[in-house]
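There are two complexes below, and they share chain A, which is joined by chain B in the first and by chain C in the second.
The block that comes next holds the complex of A and B.
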């Protein structure tokens, strides 16, 4: 005590990295289910195999891509409830234009992403010009965007899979590898942006103390527009990826995803009071839930407990994280 | 015969040793002052007494009865009432709701006994000579009344020891007088008072004995009658302070800042002002005179409805803070906790942010920023473990120096300071004054708003007096004294034609 420690050992320093505890929880979870689901001698492990790992990655990525945006919004001191709806409408627009509109795949994908731009601009307008609290603005946007999906489709759904090539390797990467590739690339890009760009620092500053950010000359409208735009566009990316991988565009897709997406960001260290969080953490959070759902589905009878366990896990992880952070400080 | 006793209290927060073996005793019925610079450990000691912070070692006894304070509630149960510096009140509740918050009188079936609480509130307010209705909403009260409601809250439940933390910070002279009368009254009724302050004149007026803390250690306890003002200062600071030199050297450089007919109703009606290179202009006015609004409008935080701001001959076009900062204007705001510091980011980010905004930096260059910000820490002699710590690790005075330092990074031509030494101790105050003088000597045009009149008189080459959003007049250094300034500040407003 008293004398300052010269330099903490490597492990301690690693532990101070914000994402370390989330990663540790993910690894513990994998080890636990690997042990719990260990098969009889000589039979195939239902959980620890490469096909299953790819499956988990593929589906977690849908949440994970949107959770990157959710984390950024939460760090800025806001909240976004619209990503589930944006995912659905993006899948509908891409699917509809590609299947019924006769558009090429490229333009259809771009149109799907524009759903995100439109929704993000709508939310920004409501938050900045109309001065609505983000919760209300995005709750409204969620309803409107979801509603547009139903109005457009009138109950139909677009089957993309029959028009897409079999064993498709877009740009040389197998289709199933695309979601995780997109997620990891985006996570790295936004991680760097949050820490190496003045923009990222301004996002943290805005979430930490909005008045002080204003007094420092940060343009709050610009920062808020950027975070809601990014969140909605990333949700649209999720939607397009989902449409291509699952081969369908449907208005009732991704129902209730917004809460899982927010939960992923929170489990990954984002503080709902703003100013704290990590995009890598959010992606790890999405993987924690992906592994959990996948493993529970393989335990007989556990599927009924799925939602309950997920809810408890959110609470336990956030509490554990608080304890770990306090001890580390 | 012992009253309230602290015995060998130790407390560390991480590497910061806030208290290092503090012992002191407050006799029953006396008014005891606890003074020390910011960071001396006063607040930590109070938090321990309130049961908000647990000490690492040592204990507290009240009338030979050892207290184990496990939470704020227990302090109350033992008859220790706290009046905090920041009003910890509920603006949305009534006066009586605030007094009984958390200790509501409850009747059968859990129903609140509103009428009884209101009538007891009425009695308490009468005891404090406060003309307030128990039903009045808290948010309509002045700072002074809010403070006195806190005193009433402490007294509501058989309070033997009343603890006040810097109670006069937000009060005008007349309001402070009222508070002092009430405290004198309570003392004559046998209430023990522990009075924390760094305003030495107040302490001398009010207290029987004075205990000084410095750097988390007990320095000594002095009888008021047997000690002089300067002895206390020396005990607090631990060194002799140089006598205050008043440099009234009038500047005759070029006009750097020119404000013409600036208005932003209702707070700011009409303000014109010129500040030359190297000049320090003091702005004095009572609360509500529009001083802060003037600075904030010059800085582009508020859009002026009329008038213009010209910096070195270039007129600002209402482009907000970014334009102002690029023109070389810096503002040190009044409330460092709320308006200046980012507690979720490290000192480096805090110190670099205004420069990054003004220079429209795109990419963060950590090594350069680390060099730049540790240079600022050194230049302003800010005591901090390093640039990668968060501001909450620093004492109040050092936090305030960080707020100054972050704007010095843009090499301001116009340096606006709103209450730069509010809530800061004597040592830090002198250092902040020195920084401002040094910046002026280096050619900055400085505008200092302060409600501390001696400070304005000691620093400024000219004193501008405001009232009700209008500039009432201007006094040169040699014509400005407490009387002439106060006369202008309270004179009827001259409306612009």
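The block that comes next holds the complex of A and C.
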């Protein structure tokens, strides 16, 4: 009959927030590398400086934007293997129309985004009408989309940077700030959509238990079409941003990134069995990998270890997440 | 929560140990030069790494950070280059997967006071201070001329390349330029092996089935000669001319599976750029913007001498 606190302590309540553990891991990672890479001479810290932070954000955004879509697909109980290919083809279409087609920048960007729409519709058709497992449907789409990129370019590339203004500030924001801005904005928008809209709850319900979702009146075809469409369009956004910021459209860009993108979503708390996950977590997951890529590059002799380290990190984080979920249950 | 923190700390400590566990050392100032290959998974670059590390050791006041993308991923290579710029290393030597793609970043490095030299594959439109390597177009021309000699000016040829890399494209341009002068030589196909030795072996097998009377294979990269078995399906009547001379290539040449090999200065790729950067730091600029390393043309008659010279280089003599 002791005195019971009416509510859990603040820290513990905070911990129950889905994204808290991912954020904690990211912060720990930054603290660790900040300590490990403390400069031996001079005052300039090679890791903890604003230019480096922007660099990590800029490159992580390529994965992060697509990982938002990947997380949504995974939450719905599916999987998408095509984002890497869609990123490349979107960059090729935007670059090709802008550089060789003589199109304006706006229409070229829209055409690049339409690559996502087309690929998303193809996957939805295969998953819903043909009843293919998402793994196979998106594997096929990955090959087709990547192949179209090679057919269009025949190994060449489109150099957008030649035609884009130097020191370009679209809408007053420096070019390098655009990828993180887009990523964070989209993450917030989809976070709200997943939690406040009926659609979002239906996505969680579909992934949690498809039969139950069906009996509760959720239109599975509509939900599935929407998630694959969103995933492919977000990958296309990433490809268009990549083409504009890096100044190139090329068919072999983002080769194999689908696995990094899925890993970001999973590290961010998405469960491959569906029904669980977070779009903000996926972005944090992309940042965890971005910091690793950046910091490991600064350690002499770490070159050949980093694949292994990244693999270990994925497993450790997911195992920790599982323990956490079990204890919370 | 506590357990979680302990677990994370354990992983990070493990990570530190895996990275060599070297605590930040204090002592005299060393120059930190970043040396960036195109990819970590190509054997030729391993010799460049040995060369770079050896040069650093000889110079004494230089530390080499060898870092590249695992596979030929140009975006990852640019990320690595940009990370070295924000880290303010003392010099950068890079073999560019795509020179134009890296030009802006290289210029930014040079503008911020970090000297950049390129090796193996150049970024000719950038502000890099010098390039050390083969003139690729010349290399391609030499290959084609050797093939023409083998074929006595007539026959069919299959080409092998990997699409997307600027230097390979230039070698291919050199090959095509020479072959265009010989109307009796017909190019049946240009195969894209995607920088993959396994894919190269597969393409050689299928290509041989399709063109059993093929006159010659010309490969602008070393994929057919990086593995022992890729050339097994090729009949004796078909000649093979390939770039690159690292083992087992010379052995294959001795066995008669390949007739001409074009060798590059693999150790030089590492040694020369590191020395150049050290000179630049000491106030001495490179003698020219483009330093042609030249190529070694290896045939049946000089292969033994080549193997011996290579062995000496490998042992550091």
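We adopt the following convention: the second predicted complex is superposed on the first by the 320 of 329 C-alpha atoms of A that agree within 3 Å, B and C clash if a C-alpha of one lies under 4 Å from a C-alpha of the other, contacts with A are read in each partner's own complex, and residues count from 1 in each chain.
Here, a contact is a pair of C-beta atoms (placed from the backbone, for glycine too) under 8 Å apart; a residue touches a chain by one contact, two chains touch by 3 or more.
Note that this is a predicted model, so its numbers are computed, not measured.
In the superposition on chain A, A:160 makes contact with neither chain B nor chain C.
Of the two partner chains, neither chain B nor chain C is touched by A:235. Taking chain B and chain C in turn and counting the residues of chain A each one touches, the greater count comes from C. In the superposed model, A:204 lies in contact with chain B only, and not with chain C.
In the superposition on chain A, contact of A:314 is made with neither chain B nor chain C.
In the superposition on chain A, A:247 makes contact with chain C only, not with chain B.
With both structures placed on the common chain, the touch criterion links A:270 to neither chain B nor chain C.
When the two complexes are laid over each other on chain A, chain A has no residue in contact with both chain B and chain C. On the side of chain A, the complex with chain B involves touching residues 1-2, 4, 195-202, 204-205, 207-209, 211-219, 274-276, 329. On the chain C side of its complex with chain A, the touching residues are 1, 3-5, 7-9, 11-12, 14-16, 18-20, 22, 24-26, 29, 40, 63-68, 70-71, 73-76, 78-80, 82-84, 86-88, 98, 100-101, 104, 163-164, 169, 192. In the complex of the two chains, the chain A residues touching chain C come out as 11-12, 15, 21, 24-25, 28-29, 32, 36-41, 44, 46-47, 49, 51-52, 55, 59, 62, 150, 154-155, 157, 159, 161, 242, 246-248, 250-256, 293-294, 296-305, 307-309, 312-313, 316, 320, 323-324. Only residues 12, 14-15, 17, 301, 320-322, 324-325, 331, 333, 338-345, 349, 353-354, 356-358, 361-364, 385, 406 of chain B touch chain A when the two sit together in their complex.
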